[in-house]
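For reference, chains read A, B, C and D in written order, and residue numbers begin at 1 within each chain.
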Amino acid sequence: MQLWLIPVLPLAGFLINGLFGRRFSKGAVNAVAIGSVALSFAWVLKTILALSPLAGAYSEHYFTWIRSGIVNIGCDLAVDRLTIVMLLVVTGVGAVIHVYSIGYMAHEGGYYRFFAFLNLFMFFMLVLVLASNYLVMFVGWEGVGLCSYLLIGFYFDKKFATDAGNKAFIVNRIGDFGFSLAMFYMVKNFGSLDFATVFKQAPGAPEATLTIIGLLLMLGACGKSAQLPLYVWLPDAMAGPTPVSALIHAATMVTAGVYMTARSWAIYAHAPAAAETVAIIGIATAFFAATIGLAQNDIKKVFAYSTVSQLGYMFLGVGCGAFSAGIYHLVTHAFFKALLFLGAGSVIHALSGEQDLRNMGGLRKKTPWTFWTMMCAAVAIAGVPPFAGFFSKDAILLAAHHYAPWMYWLGTITAGMTAFYVFRAMFLAFFGEYRGHEHPHESPPVMLVPLAVLALLSIGGGFALHVPEFLGTAGGEEDRALMAISTAAGVMGIALAWLMYVAKPALAESFAASMRGLYTLVYNKYFVDEIYGAAVVNPLVGGSRAVLWKGVDVGLIDGAANGVGARARNIGSILRLMQSGNIRSYATWVLFGSVVLIVAMGIVGGLR
Amino acid sequence: MTEVPISWFLTLSAVLFVLGVAGFVFRRSVVTVFMSIELMLNAVNLSFVTFSYQLQQVNGHLFAFFVMVVAAAEAAVGLAIILTVFKNRATLNIDDVDSMKN
Amino acid sequence: MDSFIVISLIKAAVVFAALMATLLYLQWVERKVIAHIQVRPGPYRVGPHGLLQPIADVIKLMTKEDLIPPYVNKPLYLAAPFIAMTMALFSISVIPFGPMIEVAGYKTFMQLTDLNIGVLFVLAVSSMGVYGIALAGWSSNNKYALLGGLRSSAQMISYELPLSLAIAAPLLISNTLILRQLVERQAGSILEWNVLHGPFPQILSFLIFLIAGFAETNRVPFDLPEAENELVAGFHVEYSSMKFASFFMAEYANMITVSSMAVLLFLGGWVAPWPARYGSSLVPVAIFAGAGVVALYHGMHPGHRRDRRTLPVFGAAFLAMAAVFLLPAVQAWLLPLFWFCAKTGSVLFTFMWVRGTLPRLRYDQLMGFTWKFLFPVAFADLLATGFLVAWFG
Amino acid sequence: MDVILFLIFAIIAVVCAINVVVQTHPISSAISLVGVMGSLAVLYLLLGAEFIAAAQVIVYAGAIMVLFVFVIMLLNAGAESKHGRSLVAQLLGAPLLVALLGLLAYFVERLYPRGVSVRFGGFTHGTPLDIGRALFTTYLLPFEATSILILIAIVGAIVLAWKEID
């Protein structure tokens, strides 16, 4: 079925644009970039049609990559139902966002570079998704990290963008470290990295082993999917262009951790401690990030924390054993969060770069398309039935209730807060009086059409796509009461936002004033960056400086090196006589060396 | 005795090789030095072909062939370098080309 | 073993004698051809129609003072004509003139020696020929000679590439490096010759081979090493007497080699253009008889007083030749020899024709022509032939 | 017969090689080197390496050495100048050379005390057919690599000599 075509098509786009894009017109760059992704999407559809109904996994072996002792790792790609869901999301949403980028990036420098990186990202993401063993997956995993770095730092002439790129990369390294350790551990215990082999052996393995692997994998997932405590890079990653935020930092790459955890479900199923840790980290992240989101003024930051929070939901789902619910939420989240980001991008575009909510307002009339499409997404994320977010969030909360009721309640509170901060952003941006100075204008159709497509998916994606059924693990029986509670929480959040930001704007001020301490804490994101700075980065830097640099490096290594160097200089001043610059002398030394070598070989070889 | 011992060929090869080294070490003309290198390559080729005979395999011939190709490439570039050196320094004496010394 | 050595010695003697005579008279033929192209009679004084001119030349060259200029590099100066001559004659030794024949009960090939790598041998030896010229130019200690030697070495290296590529193309079809097999695989009719062979006629290779051959033999329009109006006489300006003659003979011997190679590679060697059963064996008879009749007729109506005696003699000789060709006993070896000589002669005539027609190239034109035109074309031709052979073969 | 042939051409080769080293004039060395190559070609034939023998003459003697002669003539290189010296080469050179030759000869004699003898016709796999077959199957990658190498060398030579053309 030529699965390799799916990732290789965007790779070809990357190579063409990357190598020759500088000479291309924008039209040609567009054609290559979007054409490659669209073809890839088409090939995904063809693959699905050809393979349906896909009960098990279909895999293709291309070549043996590493053969060392018992380890035999091939370059294999595989498709099963989970992969299909991911493929559709990645290529589908990816294609839509590519189209959107035409409009958004129209006036930016480095046009071809942007699309080349975007295509490269698609390649690695598809490799990640299609991989049939952990190592190939890791290739994609690292590759998307690289592309994320490149695209966050896309405006590389701005310091904050490159800093954000570095931060993302370094924080991800911590997670990747966990992933690598997990792989080594797997090789040690299972002698293989193939999904099939590992998962077949998992039930018989000792629980401690599985727990260690599960926790290490979770560390990797936390890094990639911005979970506590490694979430700090994602809000900063908003320094990149908005389509990047939508594609990489909302819809696809950050969900790789969820995908990987869901993929490794067989391991977690037999390591309840690890699964519980995943669930706890998920719910904690969801709640924690949602509280930060309440007080942010940068529109993209709000959505970034929202993403962290929603990813927490997905982990909650996966950790509770309802991995299909997690994936379900992943899919719907890809729709509405991408839409929110693209809408935010449209707003930013309309305001020529303004991102602060306090300088917006009243845009409902000026940019109606953007408003209405974003509203679809806002409603969806708030969990209002029958929009997409409702179904998936409900599935997760249901699973959480079965798993541990306190998680359900915390999740419901978080849902309320989610509704509140999203609508707070919506109301601040689209209602009231316009508080900015630019002249807002509606975005071009090439940006609005993707918005509309995603809006349709946000509206209907929930009940049209039954991901859990497709994955063959339909959740438990519906619980009307729980459903009503979580819906009510969402509606209350919306209502509260309406009250505070539309009906009585003064209320928000007084509320913030009355709870100044808490507000400051939340507004400053719990000072996590500062705490990390004080607790990890500064000691590390200071310690490195004091001990490693001044002590070990200067004293020991430099001392040794200088000492060696000084001796070498002494010896060299004698040997320098050999370096006469005379070629014939050199030739004589070569001759000398070869004579010595022949003698040595003769002696070693036992020829006397 | 109508057959030649194989060691004779190898000894001839060794003699030629040593003569090439001698040319490299003792001659001052860059061109002659370069030719000495060719002489060494030829000597090595002879032993390749001899080994090929001994092992009754064609591989040695291919090595010799590749040596020739590389020698051709080397001659083209080397002579171009000699031309450039001569143009810049107006000398072919290898002992005069020693600016790496300082 | 003994008979092999004896036969080889006899063959060597025969070939050497025939070759020397040919070399002598080729010069006469060339002078005559050029003269007629330029509408003048050419050598006419010594012997009938200047037929004894070569002999007179030989006597002249041999009796001339053998001058060795001072300040020449003597060993190389003396070696150069020897090298040129040796290399020129060397390659003749593998050229087959005809099929296997039986003489006095001994079967032998009309060829001095048969090598598995005949084609490569000819290439190798001809590539060595440049040393004679280059060394002559250098050792003469004369700037004209040096320029001639320089030019010839650069020219011969450069033209060897298209030459080799042009040789490679028919070899792809014939699939052998043995010269005799090369001819045997072209047997049949003119349509089997490599120049017209099957779906991939080698006309282009043939032309490239001829052009490169002109350059390899330093012939007009590529006679820059000895361009007399620029370099006086080029590389052999300091040579006189028999040494000078050696270069001259070497050049003609090279011409013969190149022509024979062209015949062997492209024109089917000693094979008749159409099978004997359609009367190809009568062609030489017809030619010689016709020539005899024409000679006799002109002897009856002489344009010159001397012709009254000489032309009838020639006519009679030609008729006798025609009669010899009718003898079945001789036909077996004489007919192939005739065809080989006829084809080689035509190619040689082309050499002379070109010399009488084309002007000399400038040096940069010469180099540019081979590197920028001939070499790429030869390469493309070889590539195309390779694909065609792979496709149809 | 084979022994006589070998001895004749081995002696020619050695004498020519000595001449390469001893002659003060580069062009004499070059001609002597051609002599070495020619006699080696005959020895290759003796060893059954028909193709290599032909290639030896065509490539080495017919192309590379002509290039040498051409450059020597172009630079009008005279006899080499005597100035400049390498103490190391003068002191160590000769003993080391003797040592190298001694070692090589010793090992050859030790490893091949009465190894296979060479007889003309004793190896028949050196035809162009065999070489070509091996070249385009087993050694295809090196073959292509050398073709790239040649291309690079051509470009390099042109670039290096470009100033000469101006």
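One rule holds for everything that comes next: a residue touches a chain if its C-beta (ideal position, glycine included) is under 8 Å from a C-beta of that chain, and two chains touch if they have at least 3 such contacts.
Note that this is a predicted model, so its numbers are computed, not measured.
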Distance-maximising chain from subunit C - centres being C-alpha averages: A
Selected interface, C-D versus B-D, where C-beta contact pairs are more numerous: B-D
Chain centre separation (subunit B, subunit D; CA means) in Å: 5
Cα-centroid distance, subunit A relative to subunit C, in whole angstrom: 79
Centre-of-Cα separation between subunit D and subunit C, whole angstrom: 32
Subunit A and subunit D: spacing of chain centres that average the CA atoms, whole Å: 62
Residues of subunit B engaged with two or more neighbouring chains: 21, 25-26, 28, 94-95
Two or more partner chains touched - positions in subunit A: 580, 582, 584, 587-588, 591
Interchain pairs in contact, sorted by label: A-B, A-D, B-D, C-D
Contact footprint of subunit C on subunit D as seen in their complex: 25, 27-28, 31, 34, 38, 41, 50-51, 53-55, 57-58, 61-63, 66-67, 69-70, 72-74, 76, 127-128
Interfacial residue positions of subunit B with respect to subunit A in the complex: 21, 24-26, 28, 33, 94-95, 97-102
Interfacial residue positions of subunit A with respect to subunit B in the complex: 579-584, 587-588, 591
For the subunit D and subunit A complex, residues of the former touching the latter: 84, 86-89, 92-93, 96-97, 99-100, 103-104, 107, 110-111
Residue ranges of subunit C in contact with subunit D within the complex: 73, 75-76, 79, 115-117, 120-121, 123-125, 127-128, 130-131, 134-135, 137-138, 146, 149-150, 153-154, 156-157, 160, 177
